[in-house]
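Dropping the structure in here first, questions after.
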Amino acid sequence: MINVILTILAPFFGGIVYGIERVVKARMQRRVGPPLMQPFYDFFKLMDKRPIMIHSLHALMGIMYFIAEWFALGVLLLGNDLLIAVFFHVIAVLSLVVGASSVRSPYSVLGALRELMHMISYEPLMVLMVVALYLVVGSFDIKDILSYDGYPILKLPFVFIAFLLTIPMMLQKSPFDVAEAHQEIIGGPEIEYSGPFYEALYTGKWIEYIYVFTFVFLFGGSHYWLGALLVIFAFLFVNLLDNSTARLDFRRMVKFAWGFLIPMAAFNVILLALFE
Amino acid sequence: MGFFSKFRKKSPWILHYNTGGCNGCDIEILSALAPRYDIERFGMLNRGNPKQADILLVTGPVTKNCKDVLRRLYLEMAEPKVVVAMGACAHGGGIFRNFYHVENGVNNIIPVDVWIPGCAPRVEALIDGMVEAIEIWQQKSKEKEYLRDHEKVIKTLGVEDDG
Amino acid sequence: MLKMFIESFKNLVSEPETIKYPFSPSPEPKGYRGVIHYNEELCIFCDKCENICPPGAIKFVVVDYESGKKEYNYNPYLCIYCGACVRECPKADDGCLVQVEKRMPPLGRSVPKGKELGYFINRIENPKEVEIKWREIEEMNVKSKEEYKAYKRAKRVKKI
Amino acid sequence: MVNPNMQIEEVTLDNVVDKIKEFYDEREWNFITINATDLGGEIQIDWLFSKYRAKNIIKIFRANVSYDAFIPSIVPVIPSAWLAEWELADLFGLDVENATTGVFIAPDGPKAPLRVDTKL
Amino acid sequence: MGVLVALNVVVPWIVALIIFLSKKDVVTNVLTFLMLPILIFTAYLAYIQPHPVLVETPKWLDLLITLYDFGLLGYFLYQGIVRKSGLIAILATIQILFLIIVLIMMPHSQTPNIYVDSVTLMFYLIVAIVGVPIAIFATKYMDYGEKGKHSFVAIVVWFLGVMNLAVSVNNIEWFFALFETTTLASYIMIGFRGDKEAINNSNLALWMNQIGGIAILIALMIFIKVNGVYHFSDLLKHPTIISMAALGFLSLSALVKGAQMPFHKWLLGAMVAPTPVSAILHSATMVKIAPYLILRISPIIKGTLLAKLLIIATGYVFVVAAVIALTQNNFKKILAYSTISLLGLMMLAAAVGTPIAVSASLILIIFHAFAKGFLFVEAGVLEKVFHTKYIEQMRRLIEKAPLTLMFIFFGFLNMTFVPFGTFIGKWMMIEEVSNFLQHGSYILLILYVGAGSAFLSILYMKVLGVSVRKAHGIEKISFVKLPKRFNFVSVWYYVWLLAITIFIAPFIADFIVPIAKSIAGEPEIYATGLTLHMYNSTLYFWQIFGALILLLLIHVLPYFVKFKADIVHPYNCGENFPRHMETWNFECLAKYEGYFVAFSIALFIMVVVLGGGLL
Amino acid sequence: MGKIIVPFGSQHIALPEPISFLFETENEIITKVEAHIGYVHRGIEKAAITKFEYTQLPYLTARVCGLCSITHAGAVVHGIEKLMDIEVNKRIDYLRMLVVELDRIHSHLLANGHVAEVVGYENLFMQTFRAREDVMDVLEAITGNRVQYDYQTIGGVARDMDSEIAEFAKKKLKKLKDNVLKVMEFHDSDYTFGLKTKGIGVISKEMAAKYNTAGPVARASGLDTDVRAEFDYLPFEEVGYKMQLRSEGDVWARNMVRFDEILNSIEMCENILNNLPEGEYKVKVKGRPKGEVVVRVEAPRGECFYYLRGSGKKVMDRVRIRVPTYANIPILKELFLGAKYSDAQAIVLSFDPCMSCTAR
């Protein structure tokens, strides 16, 4: 039941998380920052804009991104197989990339290509993480993981760390916000969207927050307090990292993911497989 | 005024363009983003992108080289939108009034809603201007504001290209 | 990276440094170069301020050739607040022309008025007209001065 | 009054490139810019240099040329001079070797604005 | 059953002969069209027969095949001499020598020479459903300024028959003959245009494939020497004592035929031929012999070092071919690399050899056949109708060729996305392998699958990205009228893929699972309604259907949805600078191609030497 | 194959002012550059010899660029004073120097903060700007405005400074110094910031000399040029001026040179405030400018050059402005080739470009 509610209200919760994040970020910079509900104000404002677009395909892909993102979250929370949820996320990326590539704006196109680099960085790691959870819990089923009586985090410390460092890639945060790269490509894939169409993308991003932090939550097993603690920790950590790093080149991001994160996670998995 | 329009004033996103001023105003805009003044308190973000911007913040007297760019940016913004002209030179050219390569102020190119006096205005003045602009913005409708020769402008300012 | 990490965390728990203007005041400091106030009674119409003003934000228009009465027109939106006019004004110390420590409010829905701002701004109702009307003032300034000169010459000729 | 530190050397358009080449040592001299002054009827062109690690030393090569003169380019000697040369072409309407016009002046702007007879 | 097998094999041959002789448009067109229902019908008839069955063949056929073998090798030798290629001549000579040795050594065996089991029947169906439309496509394709239409179509059709026979033989010596026939067919077809590049590439294909032939002969020799058997069915009967070395060589021939690195060049060379050649090579036939071969031997090699090394090698190719594909700019080359890559995955799955892995392999084979046939057909359309071959020419394809782009889009979706078969294959692989991660090669496998599919996805998205680019404000798209036959073939594939995907759960449970069962035992896969279950993991129907709808919307809707909104220009910093956008070419990865290939050679040697137990 | 044309400017979020580069990129590596620098051309040089009298010139040239308005005004004032043979007293010199150095501090902090912003280090930008507000406060207290100071007038300065302001300034400078040291530490030691700046856009000393670079750009490459040492216009050496050099020549070194100069300037300002001579804040002015003169002053971005020519009229005959960015543009264009597009922003802004004076 709770997951049905969470799925349906995902945009709402995601918006709140995003709102908190903006305030926290401002505070970390010694600013007051926007009000907590700012994302929703933005949402309403964007809905109220006169729609303009480049062409229908592009606008449509923005909406499809939102739907696909939501659907992927639904698959994660309502389905039972984590692996499938990981692959569903690719559909969202597809619509984002196709939409962004469909306009003849260099920034959008570069953003789409960089988005692909993001995918190549985090996708294998997500698969590995799911397999690692399987090794611990013995099931790909989210319900089984959430009722697992141990502490997955204890067995998967490196996987967790690796995932912690992939969160910036998924949520477009410094140092890995290369696809959004405001000062370079001004938002990349999202640059050409405006008004209600941009709103779809904007909200899609909020859902991604829930999507990502759900995975963090899983590391707590059946100990929900631990899961919540981990989520809070991850949230703070990611934001602190965001505020204390410069944006890296996408080449460096891919190298980091492939040269460091994936081997680290794989190492953890191998150790686990050997000792189980 | 529908349900959504009530929230308009809480989330103005700005686009900044310098049309040939002395940068004095532009660095004050930068200061406004910084912790001391932090205009994100009003939900303002510097989007740098006309598609998502609500307030076009123009500085400078509009040089001849910049005027088409300014016009294009204005046309790429979605209604409702407001234009804020910051600084003396955005109003009638300021000290650059009647120079041979300036267009004597933003209002000669695109319609301006708020002028902020000063050279350079203090950040407080910028904030005052923004507050004023938000009020005006809230009253604006979503209807397309035709800029003089809108259709012609979009045709002549557009780019046809190689494929 | 690590230092900033710690610094960010410290910032998170310490007070933000933002001035909450306009909800809390942030007045101009002493000596701020604000708007130019004018006192017609003290003015000797030497036109020094008009001549020095770099953007031409002060324009005198001769309204009555008989008495030589001039109207002080000041455009605070064109003014660059350099203060040159005040430094130039022979009666500045008496308060004929002073630069006060106050900003001019922005020009938005209405035109801010004030007697000490001169004739120009007080005559305008629609904010959008400021620029157009100023163009007229400039033309009038040139025209009236020429006509005044011509008038005076004619008067001198008559006298002779 | 002339600034006492200015060492002015008169040149002609034919020998200016050679003179500069002979004189210029990039480690000793800083090329400041090329300056033109419309004296009314003719244009005075200065190639200005300053000396590094010295006080108040400025070397000027000066040529007075007519409005339609062809100015040779010193870019082969000083690679950074192109901007100043293009400016001469743009703002004074001079005929400068290899110069691109339209850098400063928009298509609908005035031609050769800095000449005294261009009333603006 | 024997009759049905004969029908499946002989019908195409007869048709081919008629086409070749008559050289009339009407005959060609009608016959190819007719072949579609006939072949599907015969394949279906065969499928509903009880199987597996062994079919006795008359003695003279044996002799005939042997003679044919020598004829074929003689032809190769002749070609080697004519084309002044010492390599081909030498390899042909070696083959002749080896063949003689094999014939001398060969003991008499009572085992029938034809063995029809469910895998065979599956291939019959694939050939009929996927292969024949390519022939239909070829009849129109060759009208676009190509010479020798009729002989070309005849070769294609004949080739389908050869393929059918190849998957039905039991005798490895026969198999060798058919293996070499496919080599011959590719040799002829690649060289079909007869220009210099075509000749070179066909030579390349010939000698590389000959290596595969030699490997089979060596395997055959070892089998006969060590085990005294030379039939697939006999091999399966006593799996424990089978010589690993022979299996190693057999796998080697599979790797060669499957164009795995470092032998990938020949398949790329096929690009110079008319596009139906690529379609037929990549989808229904030829390269599919490779996973077929591995499937045949997978019960024997399962769990051995050979299997693990095969996993490492093919998985490596899976990833690296996808990476190299990123650096290519020729559309057909990109498709070819992705075939190489996916063939790697199929062989990898087959080599894992557990029931579920085998199912995955089968699913991959089927879906890949459909999707690649589809994509190459579209590539042919692009080439002939729109004169587009390179990625940079594909810019704004959506304006020029919307329908074709839509089909390409769908083909691409089939190659990686949920809920299409390729995805399900990968999903099964990962879940299956997660159970026995103790061995390092399996964790590598997971990385391979994760990374390879990510690379393939970005490859397809990159290509799509270039082609969907559209000028601002273009809402109306002009549909170019395409020839009916092209449309028929495209729609044919499209509908099949769509139908199978919607009913993927029953399709897998009722069609794939029995086949997998006959090879490797009962996989734990079943369907309830349209929902697919595997162990306790479930792919719900709402997920399948939701994903399908989403993807359909993404690739079809743009043609129909028109928003009522103002049109603006894309942001270009407010300037009207010229726009020119291609896509990244990943040039620096191309630098590493040499290293990739070198490493693959090392893996290759490892497979043969270590896996075959030659040390 | 693989060509993507990426415009950078004229309106771009990383750029405060209009300048545009058209990059041809391949895999985001820049293979060709086209630069347009004339957006800000307003015609100041022409206006200076037609519309404005020489007394108005400081106000005009201050608006060439808001960042070092004080140096432009100062250069004109210095030139005209030379032409009119005006000697100013020590107090005026010191006050002028004070504002010039304060201006340098704020400009350098702005530049460094902006570099941090465009490499995506938002927090560093915020912290740098937070530190900068102190010097803005001092400047506002002394001159009456945050940006356009209009402080130097012919024959003096616009207003005197009382001891209250001096105390305030001293206090603020002390705080500023702490903050600057802290921010400098971040710039200096931050790993990710280093990844984006170290080894990026490297100019060797030879290149710097060959292309006649100016200011911190030159000094970051080890080229020891600084007009404060090469031209006598204000007695900088008296108050503790030292030339700051680095040798790396990359984006990072340019930032660090600016930090070094900030620290040096703070020291100079403190010296000035502690040893302010007594005297009038303006002297009597007579006559009209006549003759020609060249003036070189050190703006925050480097050498600012003026050529003034008067013939005893109210309006000058020629005012020529050559600004540091003008000198740095040629090498900037060279630096892009082979760089990544994602580094282009940092390269541009590490030059702290100032187009408004380049095009005037």
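So that you can tell them apart, the chains are marked A, B, C, D, E and F in the order they are listed, and the count of residues begins at 1 in each.
FYI, a contact is a pair of C-beta atoms (placed from the backbone, for glycine too) under 8 Å apart; a residue touches a chain by one contact, two chains touch by 3 or more.
All of these numbers come straight from a predicted model, not from anything done at the bench.
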### Task
With one step meaning two chains touch, work out the least steps from chain C to chain F.
1
### Shared interface partners, meaning chains that touch chain D and chain E
B, F
### Message
Return the chains shared as contacts by chain B and chain F, ordered by label.
### Response
A, C, D, E
### Query
By number of C-beta pairs in contact, which chain pair leads?
A-E
### Message
On a CA-centroid basis, which chain has its centre farthest from chain B's?
### Response
E
### Task
Compute per-chain Cα centres, compare each with the mean of all protein Cα atoms, and return the closest chain.
A
## Note on the structure
Most remote chain w.r.t. Chain F, using mean C-alpha positions, is E
### Task
Averaging only over C-alpha atoms, locate the centres of chain A and chain B and give their separation in whole Å.
34
### Task
Go ahead and note the Å separation of the Cα centroids belonging to chain E and chain F.
66
### Task
Please work out the Cα centroid separation of chain B and chain D, and write it as a whole number of Å.
39
### Summary
CA centroids of chain D and chain F: separation to the nearest Å works out as 24
### Task
Provide the list of chain F residues touching at least two other chains, using ranges where the numbers run on.
4-5, 7, 10-14, 28, 38, 41, 43, 46, 59-60, 63, 123-124, 126-127, 130, 145, 148, 190, 192-193
### Summary
Residues of chain C that touch two or more other chains sit at 1, 3-4, 7-8, 16-18, 20, 54, 80-82
## Note on the structure
Residues in chain E with touches to at least two other chains are numbered 471, 566, 568-569, 571-575, 577-581, 583-584
### Summary
Checked against the stated definition, the touching pairs are A-B, A-C, A-E, A-F, B-C, B-D, B-E, B-F, C-F, D-F, E-F
### In the complex with chain F, residue positions of chain C that touch it
1, 3-4, 7-8, 17, 29-33, 51-52, 54, 80-84, 87
### Touching residues (chain side chain E, partner chain B) in the complex
395-396, 471, 566, 568-569, 571-580
### For the chain F and chain D complex, residues of the former touching the latter
36-38, 41, 43, 45-46, 50, 82-83, 85, 209-212, 214, 223-225, 229-232, 290-294, 296, 303, 305, 307, 309, 317-318, 320, 322, 326-327, 329-331, 359
### Message
Under the definition above, what is the set of chain B residues touching chain E in their complex?
### Response
17, 49-51, 68-70, 72-73, 75-76, 78, 144, 154, 157-159, 161-163
### Summary
Seen from chain B, its contact residues with chain A in the complex are 2-8, 10-13, 35, 38, 40-43, 47-49, 51-52, 54, 76, 78-80, 142-144, 161
